[in-house]
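Two complexes, one shared chain (chain A), two partners (chain B, chain C).
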Partner chain A sequence: MFRTIKNMVGGLLGWTESRSGVITFVQPILTHRVPRDAKWWYVFGSASLMFFSIQVITGILLATMYVPSAAEAYSSLQYIDQQVPFGWMLRALHAWSSNAMILMVVIHMSQVFLHASFKFPRELMWMVGVLLLFCTLALAFTGQIMRWDQDAYWGLGIGAAIVDRVPMLGNQMRNVMLGGPYIGGATLSRFFALHVFVLPGLTIGLIGAHMALILKNGISEMPKPGMVVDPKTYVAEYEERIKKTGVAFMPDAAQRDMVFCGLMLIIVGFLAWYLGPVGPNGIPNPTIIDANPRPDYAFLWIFTAMALMPPQIETAVLLIAPPIVVLFLLGLPLISNRGERAPSRRPGAVVVYVLTATALGTLTWLGVVSAWSPVMDAWTSLPTPVKYLVGRTPLEMQGALVIQHSQCRNCHSLGGEGGLRGPNLDNVGSRKSWDQLVRQVQQGGGNMPAYGKNLSSAETTAVVAFMTTLRNAGAPESTIPGAMERQSSPDQAPKAVVGDVGQ
Partner chain B sequence: MSCDCSNTPSDQPAQTPPPNARRGFMLKFGIGLMGIGGAIASIPIIGYAITPALKKYKNSWIDLGGTEDFPEGETRLGKFTNPNAAPTDGESAEQAVWVRSYKPAQFQVFAVNCAHLGCPVKWFQQSKLFMCPCHGGVYYEDGSHASGPPPRGLFEYKWKIVDGRLLIDAGRLPGLEQSV
Partner chain C sequence: MSAAFKNIAALVGVIVAAACLQACGKISATDPADTVVASLPQAAMTNYAENCSACHGANGVNGAARQLADANYLASVGREALINITTNGVPGGFCPGSGPASLAHWNPKQVAEFVDGMLDAWGKNGVALSIPWSVKLAPAGNASNGQAVYAATCQSCHGAPGATVASASGSVTDPNYLRLITDQGLRSAILFGRPERGMPGWSGPFPHQAVDRKLSSQEISDVVVFLRSTASQKQ
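Let's turn to the complex of A and B:
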């Protein structure tokens, strides 16, 4: 019995093999030799591929329920979340696996950069890899649009505004991007086409090329100081070494890939179950102006850069920096394709890497905090700390009221709560004198708008009177000239206020 | 098809024209035909893809409501449906503008889209400021730039009053290249 089955299977295999050559095709892939020292550093590429496969599978399933119409996308997502069995977890898996894929791609790329694995003869592998990075990010961006919530709507608005800044053709390009003169159904449809047809197709093709190049050139060895790449002799030497000390991909390297991928998948599965799906956040109705749009993690650093860049250079940077980055990444192995690979012998590369990573990490973190954004509801939701009201005069109390209801706390915090855009006001009375405070309130300055026209002089006086009481425990009022004088003749204050308006 | 296999030039060279000449002609002919066919097919493909760049999208005059809905000295949100809306737009066809009436029958109609990168600005009556939730852009009540990254004041729509109704010229997403 057993023998018959075995014969049948063998026969079937033989039949298939003779007609398809599949075994002849797969065998060298499984048994190709990889360097013996290709250890845990080499698992991130496989993990990227695994998460991409998860994206394809979960994505196809989501497409069976998701309705890519601006009128119905939002409700179809809610339906998937709430009515479809396992729907919420499928969406969660798609979202968290996408984050994981970006992370794996970035780590993989970091390793290749730090180990200079892009050098001869693997230049093309790097270039294809760079294209795969862009595909991954484009998939993430278009995927965020699929949520068709307020983040998606205003995120598209930001994209459109950036494209709009291209000289001459900006407006036409924007209309092509949006599929019309505004963000609507046509916009969602074309991003859907990109997200489910164009980009995955491109990615699969590029992954194929990436893998074919692996088989052609072999995996690079761990870099050793002094072991230089010389295009004239490298291939022969590499093959020689691999023949002597290499091991078969299956099982020697594959087992490590499997352990790592399995572990990652368990973690992402847990995250999906524990954290749930991402969004949709708020109906994408542009008349709801209470939106607080934020991009997904992968794009927070851009969001921060937009907030912190000096406005004068912004357009230039927006239009010039991306092509430079693309050209640098693609051209890197052409600039440097020989010589040392060990990080210890390439201090310049390490510095570039550390600086880039620190910059991106810092910008992302700043984006999470986004201190530059006013806290829109601070003025209605955060009470004035009671300790700042104890023992205050009626005028000072009135000032506290004005501060509260003039939305000052949207940008300034009191007692640790409120906006971070402006300095906190907890001890502003120690930092600034009466006159300085009046000037700041009325004329603005730094990042502060001028309130000269928006507050009456009586209100300004009250605000300033209150702020001068906000001092470090036991500290005197600011001793900068003017402060003491004002204190001794407070009845003149309103006059000074009027005189200072000057507008 | 099947007979072709036994009739390859190498089998019976004598009965066929010189193989290279014929293959060369066929190849050129084929490339030519593919070229013509490709060109024909490209017309709708390219045209369809770049239509939004070629088409002139028009604004139209939209009724925001009676002028009494926008009392003097206040800034209120006006809502309308995009005149270019398609049936599949759903709620994204709804649009909003800030309407400020600063004198009797004198208005300023601002885009809600921040002049920086288009996030929705919010009006605060008490401090008389528009604040942007994205990168901290702030504007004064007359739409001029007060603080933050925006390179200019808020975009303004053209408006007119017809029979006591406030109309604005709208339809396209406001942007720097073509301010409203």
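Let's turn to the complex of A and C:
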């Protein structure tokens, strides 16, 4: 019996092989030799590929339920989240696996850059890889549009505004991007086409090219100081070393890929289950002005840069910087395709990398905090910290009300809550004297608007009286002398003990 | 080998940290303040946290403005007036109200639900005052009578008018304070006190007075008129 089955399977395989040559094709791929020292540093490319595969599978399943029309996209997402069994998990996996894919691609690229694996003869691999990076980011951006919520709407709006700045062609380019002069049903349709047909197809093709080039050129070895790349001799030397010390990809290197990919899969599965799907947030309606749109993680750094950039250089930076970055990334292996590979011998490259990573990390973090943006509902929703009300006089209590009512806390935090746009007020009484506070409130300055016309003298007096009580335990009242006479009132006279009773 | 494992551990850390960030963002974006008294109905609780808690305190107490979790206050003012205040705010005061014309845009149904939720959660067993709470229903006051009542009941904490030494609880004759507080605010403060700040209401006990000393509606009107007169004298 067993023998019969074995014969049948063998016969089937032989039949297929003789007509397709599939085994002859696959076997050398699986057993191609890789450097022995290619260890855990080399797993990130495989992990990127795995996450892309998950994106394809979950994406196809989502496409069976998602309705790419402006009227129904939002409700179809809610349907997937709430009605379809495990639909929420499908969306969560798609979202978190996309974040993980971007992270893996970035780490993979960092490793290749730091180890200078892009040097001869792997220049083309790097270039294809750069294109894959752009495809990944484009997939992430268009995927964010698929949510068709406030984030999507304003993300598109900002994208369109950037495109619009291109000289001469800006209007036409924006029309092509949005399918008309404004965001509408045609916009979603074309981004859907990009997200599910054009970009995945392009990505699959580029991945194929990337893999073919790996087989052609082999995986680079771990860099060693002094082991220079010389295009004249490199290929022969590499093949010699690989023949001597290399190991077969399957199973020696593949098993590490599998362990790492399995681990990542468990983590992303856990994240998807624990954190759930991303969005959809508020409905995409431009008349809702209390929207608080934020781009996804991969684009937070752009969000920050746009927010903090001086307006007069915006157009120049937006039009000049991207081509420079693209040209630098694509041209990198042409500029430098020989010589040392070890990071210790390439301090310039390491500095460039560290600076770039720090800048992107900082901009991303600032985007998460977005301190430049007032907290628009702080004045109605954040209670005055109770410790700042204990032992205060009636006038000071009125001052606390002025702080809330005049929306000071949208920009100034109290007790760690409120906007970060202006300095926090927790210890303002020991930083500024009565007179300075009056001047600051009335005349503004340092990015603060003047409130002289908006507050009555009684309100100003009350709010300043309250602020002078805001001092850290033991901190003295600021005594910088000012020109103004303090008005005589018992509550405004210096007190023996004014303190932050709660602290 | 171990260095490689460290790198991977760092990577895992980054992923987890990113996830935590996302989680924090989600929670702060969607959660209404969970510190509000739980017995307020859900919708009223959310509305309170978003529109009232800044001044009236997270639990209806301990805010800079009047304590709302005060059963006697709620019972004395009554549902109709509470709906009016919630809708239109306090004329001349800081409270902007939450009605259809305000930034909060509550519709009449939401206002009614909120007031009923408040009465239900914070107004249980409240005893309505036997004297009118509203200045509109109060008798006209007399400043010189008010001065005597002030000296007997208020001065020990709030100081004599025009005093140059800070009083224990702060001046209520400060002209700036008097410009910011309405007559109703003064009357309500005397009637209901500020229990969370240690100020007793109209029935005392006031320091240096018999425990059961109660101010009459007339006496309270007199004090309010007297306080106003101190400000106008200064000006």
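Miscellaneous remarks
In the analysis below, the second predicted complex is superposed on the first by the 408 of 503 C-alpha atoms of A that agree within 3 Å, B and C clash if a C-alpha of one lies under 4 Å from a C-alpha of the other, contacts with A are read in each partner's own complex, and residues count from 1 in each chain.
As a convention for this text, a contact is a pair of C-beta atoms (placed from the backbone, for glycine too) under 8 Å apart; a residue touches a chain by one contact, two chains touch by 3 or more.
Keep in mind the model is a prediction, meaning the values are calculated, not measured.
Of the two partner chains placed by superposition, A:Thr16 touches none, neither chain B nor chain C. When the two complexes are overlaid on their common chain A, residue A:Gly170 makes contact with chain B while staying clear of chain C. Once chain A of one complex is fitted onto chain A of the other, the partner contacts of A:Asn7 are absent, as it touches neither chain B nor chain C.
Shared-chain residue A:Gln83: touches no atom of chain B or chain C. Contacts of A:Ser344 after superposition on the shared chain: neither chain B nor chain C is touched. Once chain A of one complex is fitted onto chain A of the other, the partner contacts of A:Thr31 are absent, as it touches neither chain B nor chain C. By the touch criterion defined above, A:Ser456 lies against chain C but remains apart from chain B after alignment on the C-alpha atoms of chain A.
By the touch criterion defined above, A:Thr245 lies against neither chain B nor chain C after alignment on the C-alpha atoms of chain A. When the shared chain is aligned, no partner comes close enough to touch A:Thr362: not chain B, not chain C.
In the superposition on chain A, the residues of chain A contacted by chain B and by chain C overlap at 292, 379, 405. By the touch rule above, chain A contacts chain B in their complex via residues 69-74, 153-154, 157-158, 160-162, 164-165, 170-176, 178-187, 189, 283-293, 303, 306-307, 309, 311, 314-315, 372-374, 376, 379, 405-408, 410, 421, 444, 447-451, 453-454. Note for the complex: chain A touches chain C at residues 39-41, 96, 99-100, 103, 107, 260, 263, 267-268, 271, 274-275, 278, 281, 292, 294, 297, 368, 377-384, 386, 389, 392-398, 400-402, 404-405, 409, 456-459, 461-462, 465, 488-491, 493, 495. Interface residues of chain C, counted against chain A in their complex, comprise 1, 4-5, 7-8, 11-12, 14-16, 18-19, 21-23, 25-26, 29, 33, 49-58, 62-65, 94, 96, 103-104, 158-159, 163-167, 169-172, 174-177, 179-181, 197.
In the complex of the two chains, the chain B residues touching chain A come out as 49-50, 52-55, 57, 77, 79, 82, 84-96, 112-113, 116-122, 124, 126-129, 131, 133-136, 138, 140-141, 146-151, 171-173, 175-178.
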